[in-house]
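One chain, chain A, links the two complexes that follow: it is found with chain B in the first and with chain C in the second.
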Partner chain A sequence: MVRAVTSFGRSGLSDWLVQRVSGVILLAYFLFIGCNLIGGVDYIAWKALFAQTWVRVFSLMALLSLAAHAWIGIWAVLTDYLTERLMGTKGNVLRVALQLLVIVTIFVYVVWGVQILWGY
Partner chain B sequence: MLKVSIYRYNPEVDDKPYMQDFDFDTQGKDLMVLDVLEQLKAQDTTITYRRSCREGVCGSDGLNMNGKNGLACITPLSATVKGNKLVLRPLPGLPVVRDLIVDMSMFYAQYEKVQPYLQNNSPAPAIERLQSPEDRAKLDGLYECILCACCSTSCPSFWWNPDRFIGPAGLLQSYRFLADSRDTATEERLAKLDDPFSVFRCHGIQNCVNVCPKGLNPTRAIGHIRNMLLSRAT
Partner chain C sequence: MNDKRPVNLDIGTMRLPITAWTSITHRASGVFLFVGMAVLLYILDASLKSPESFATLKECLTSPIAKLVLWAVVAGLIYHSLAGVKHLIMDFGIGESMQGGVLGARLVIGLSVVLIVLAGVWIW
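Moving on, here comes the complex of A and B:
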């Protein structure tokens, strides 16, 4: 058993499951957005689309999925390449700093996204 | 003449590793890579590699041949040589002891983690623990592993985290005991595998399947472990 306190769900199985479920949600959302864009869209139609509560809920679901998906993916990349084994102590400093930067960025995007969805 | 290029490194003499080139006359024969090494060693006795059974059973001579891991003793030149050139390197990702010999400690440490032995806490029967032919068949494709390390050392996840990711060889053996009807430690074994590294650093790229000299499929075994974890925790 390897301990990891910065992973999304603290469990490999949970991260694996969340990564797959969020991937399916994102695929569905991008197909939905693509279908709405394909015939061309104007401001009125776009505003009407996002005036519906279910579209906002679906969008929030996609936004949260993107946040979880991004964290799990980037966390795996950072813990692969920026490690004490490969880079010495510098690896630990870099990894924790980048993890912090990524999580702050994701947090800002989620809050900003909620503001966009319900603020207009 | 076949151009053979061999990775040389003797830490007592060399500052850093280098490639040494040899011209080798195969006399038109489709030799095994190990035969080539043996004949070159007769010329230059300092060339160092591991070997034992010379028939793909012991797993000693795992090498990187023209970029692909395999056993030198059962890899014919015709299967690996391209453009009349043969490049021999040690298995990637493990520390080199000398020339083509790598230090397998990290590989064995991961193997040890999966407790690769039968655990059964019920009283031992008078003769033996019986197993139905169907249950025995579940171990086919798992027990044949010879621990040559060709799979784990071809896996990028193992290169980056050899201390935390168990690797394809260890996980194949882990599933060999998870799937054994006579083993009663299934729950304890699974509990140790749930973290984000031990099993879940496998991203299913199947390099392990591609190189296994025994034709085994560690990726499938890892999938079975994941399914066991999934049905236990959801």
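Moving on, here comes the complex of A and C:
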């Protein structure tokens, strides 16, 4: 069984804490974005908002939190359902394959996000 | 890892209580949001690229299908956030009893429905 080596922090307690801290950061970020969108926004104001360094730093923090949060959350789901016990050996193959796909996707999200924040 | 560890709960054979449903929905919404994040990043990309892409995005978001997709992602965010906050509250030892768990699950579902409806009104 390949479980412990694919977890985020290699320790359940570490993953538990990272999941909570990243969750709080993501909630704060989405509330921040929601507050800025609620009254409607035009391009100039929206662009000016994301031109500020602190907003870019906050956005990158949220992006990295998302990476950790998704890694830990999806690891928990995959190691619960795609297992040798439930599916036989193909459970292991499928789980590790999906995990690789998820990790590659997380990497793409992070690079894409950095490009959006600093590229335009 | 030891494969011979006993499995106490085979959830396929049980009638699930409301707390189990909110837990499974929390997981499902998390997986859904992971995919939905591509939509949000695409929207952020188009909104910041240029005045033209911003205008195109605004135009695109007037279509009912785009609104429905956005609403689904926002609904996922709302539910996942509320269920996550419930987790944090329970981490502090609040609402860990049987009744507390059921009450928490009901509150999460009730608040989610209200906020998701409000989000729908806002999007349309």
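Basically, the second predicted complex is superposed on the first by the 117 of 120 C-alpha atoms of A that agree within 3 Å, B and C clash if a C-alpha of one lies under 4 Å from a C-alpha of the other, contacts with A are read in each partner's own complex, and residues count from 1 in each chain.
Note that in this section contacts are C-beta pairs under 8 Å (C-beta built on N, C-alpha and C of every residue); 3 or more make two chains touch, one makes a residue touch a chain.
In this text the structure is predicted, and so the values were computed from the model without any measurement.
Looking at the shared chain after the overlay, A:57 reaches neither chain B nor chain C.
Contact with chain C, but none with chain B, is seen for A:73 once the two complexes are overlaid on the shared chain. Once the two complexes are laid over each other on the shared chain, residue contacts for A:4 go to chain B and to chain C alike.
By the touch criterion defined above, A:12 lies against chain B but remains apart from chain C after alignment on the C-alpha atoms of chain A. Ranked by how many residues of chain A each touches, chain B and chain C are led by C. In the superposition on chain A, contact is made by A:30 with chain C only, not with chain B.
Applying the stated contact rule after C-alpha superposition, one finds that A:100 touches neither chain B nor chain C. When the two complexes are overlaid on their common chain A, residue A:46 makes contact with chain C while staying clear of chain B. Of the two partner chains placed by superposition, only chain C is touched by A:20; chain B is not. On chain A, the surface touched by chain B in one complex and the surface touched by chain C in the other have residues 1, 3-4, 76, 85 in common. Of all the residues in chain A, the ones that touch chain B in their complex are 1-4, 7, 11-17, 76, 79-81, 83, 85-86. Contacts from chain C toward chain A in the complex involve residues 1, 3, 7, 27, 30-31, 34, 37-38, 41, 44-45, 47-51, 54-55, 77, 81, 84-85, 87-88, 91, 122.
Here chain B touches chain A in the complex through residues 157, 160-161, 163-164, 191-201, 226, 229-230, 233-234, going by the rule given at the top.
The residues of chain A lying in touch with chain C in their complex are 1, 3-4, 20, 23-24, 27, 30, 38, 43, 46-47, 50, 66, 70, 73-74, 76-77, 84-85, 102, 105, 109, 112-113, 116, 120.
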